[in-house]
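Structure provided below as structure tokens; questions to follow.
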């Protein structure tokens, strides 16, 4: 396992950042997924959508250039790129639900081998609400879950989610600091593995059934 | 011909106990803060608030929650305001969580005279509880119903004296949708301009939808 | 009867124009209803909506000021007033269906004592289509039908429409060159009469039952 | 980074017999006339056209009807094009008449990932034939279903090289809604500008929705 959480998160973010092609519209969730924007490879121009109403979201503003009217879905100050546009929430979710967003990257409380996701409520304990997550995972063409492989030693990838679902059968890919899985009609497939990990370690820390892809690769991060 | 400017006192008179109020903004970006100040001062109780989220304890409509003036919120997210969760657990605040896209679509339905929409969002989750499920061409949808308010409070960046509104950058969010879905609509103008100063193509809320324009002292 | 059709139409338009108050949002249909705009009384500022996407529609442009991008729902060149705005068709019909338009004024093939209207199709003969008429009569707060009292000697106001309906039970007021009727829960009420007409003439030319209002007035035109 | 400009020939290659095509515009205001020229030249047949109306015999998409390239239209109005009525009576053109607000809402559903909407429009008329009626709180509504196309042809007044579109005045109409509801979206640019020249708040169709930008010779 990778003990340095910060390192682990950046491994995940770097790996996810390699998935995109130029001009694809991508929505990054709050928290870990936000890191992905820092790792987009040179020469690839990903277009970021923010569900509060913006396409062409740019980085945090330079000191002195902050504009309180330009925020992301986490309420943080951001900037807009020259090809960007603003719109209302109805249009924003029409874009999301209408399959106009190529990728959404979101975190998880639990994710399972059927591609179901739990991310918005721990009943009786923590109830942040779903925000736009339900719309994003059902609406985006591709759903990537970014998650640490375990939390306090417990696997995050399960046979079946126990917590209330964000959506059923929607996840396409799961990226952790140790491995990359694809959700296929035949079940979960391990397609990439961190060079410092092993199939045994992944099996020991994953509470789901998975097959090892014949094309298993080393995670490029 | 247009006499829409409303005083602080007259706006305060509009707000009553037990009202259902929509408030624009997203994490307090685009929220009409001065109108919220007035409601805080007046101290009305038992409000139902429809908004994207409950903002923060000290910013946005979260201040009304913190002041215990709210008995119910219909929102997509409460994570940034610990008071909301606390009052929910204590049983003094009812929280209806609605997926963000469904929330805005339900408000749009009310404003657009639609009886409801079919959405795939929430199928197979807790969100489907108590809702009619309708299958179209083999796909399951939830029937989501309109959401209306007595009062909508809108945060406008540029407002002309007729009531045309422009929302800068990401302040737009729920504002123009809510401006169609309430009996009375009040816009707080960050900047008030003369009629004709706003390009007709840039208007995001047409003047006839706005009943009252409130101009906070700092904007005068 | 008034033989001069042009005069008759202007009587109708003048009478309808007196219904509005300042700042009310009004949609005028194609044809006869368009004339209403010419007769708005001095000091009253009605706001015209055009369902192709405009609020604050102004008159036909002055020669030399024509802009092919500014048209009304009939496809004619118009202008926009300083307080005007443009929007797309979804927003336009959200305004209409959502009860944000105070009055719609439309013509009729037939209109009946129950407030039902037929205006979009004569099967096998003439099929222009409903355009925005169905939305307007169901959505507007008040529906005024402007129609010549008869066409080729036949009454336009019937007990029950024979042609396919535009909408059922939606009309509030019917204005002809001879009379003004209100559709009430108790049936059709004659509320105004042209000073040159008579109740007998109206009875003879109306194929509907109606009561004569106790407050019957002379039409102010 | 954006390579969206399409030649006349490449656009012609996109258009095929039997296609379902949405065309923006209202009585030919906002209609991409040059794209229609290309379809006329190519002479593809058996098209299904979704649009507000069938324009005129010599203007707008009505020219395609007059050239007998169309076998079905889904529109709200055909009164300004006598060819449409004639071919309908002759039985060579199928005409589906849809109330204008329902038409745009159905297109919006397709673009917005909604399974349908409940509208009060058409209840008690011929429009309700064959449709599911749903009663909500005692009011009858028709369930209207999404309407999608393989190709959408959009008339843009100002288009930047990324594909952001502004529609001037009443040219907007169905254009931005259709730009969300087709597999491939082509905008005809009356005026092409550099990226950054359009104010971000004024963009009416965001760039990622546009697949191809066609710049007619007269606009160059």
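Order of writing sets the labels: A, B, C and D. Residues in every chain begin at 1.
Here is the rule we use: contacts are C-beta pairs under 8 Å (C-beta built on N, C-alpha and C of every residue); 3 or more make two chains touch, one makes a residue touch a chain.
Keep in mind it's a predicted model, so treat the numbers as computed, not measured.
Novice: Using the touch definition from the top, list the chains contacting both subunit A and subunit D.
Specialist: Where subunit A and subunit D share a partner, that partner set is B.
Novice: Once you count every C-beta pair in contact for both, which comes out on top, C-D or B-C?
Specialist: C-D
Novice: So, what's the distance in Å between the C-alpha centres of subunit C and subunit A?
Specialist: 55
Novice: Please work out the Cα centroid separation of subunit C and subunit D, and write it as a whole number of Å.
Specialist: Those two chain centres are 29 Å apart.
Novice: How many Å are there between the centre of subunit B and the centre of subunit D, using C-alpha atoms for each centre?
Specialist: Those two chain centres are 32 Å apart.
Novice: Between subunit B and subunit C, what distance separates the C-alpha centroids? Give it in angstrom.
Specialist: Chain centroid spacing, subunit B to subunit C, equals 35 Å.
Novice: Enumerate the residues of subunit B that touch no fewer than two other chains.
Specialist: Counting only residues that touch two or more other chains, subunit B contributes 105, 108, 112-114, 119-120, 167-169, 172, 200-201, 204.
Novice: Could you list the positions in subunit A whose residues touch two or more of the other chains?
Specialist: 80, 86-87, 93, 96-97, 139
Novice: Where do chains touch, given as pairs?
Specialist: A-B, A-D, B-C, B-D, C-D
Novice: In the complex formed with subunit D, which residues of subunit B make contact?
Specialist: Those in contact with subunit D are residues 105, 109, 112-120, 134, 136, 139, 141, 143, 145, 166-169, 172, 199-202, 204.
Novice: Quick one: in the complex, what on subunit D touches subunit A?
Specialist: Those residues of subunit D that touch subunit A are 1-2, 108, 110-114, 160, 162, 164, 180, 195-196, 200-201, 203, 206-209.
Novice: Which stretch or stretches of subunit C touch subunit B in the complex?
Specialist: Residues 22-23, 25, 45, 47, 55-56, 80, 82-87, 93-100, 139 of subunit C touch subunit B in their complex.
Novice: Would you mind writing out the residues of subunit C in touch with subunit D in their complex?
Specialist: 50-54, 67-75, 80, 86-90, 92-93, 96-97, 120-121, 126-135, 138-139, 164-169
Novice: Okay, in this complex, where on subunit B does subunit A touch?
Specialist: Those in contact with subunit A are residues 26-30, 52-53, 75-80, 85, 88, 95, 97, 99-102, 104-105, 108, 119-127, 157, 167-177, 204.
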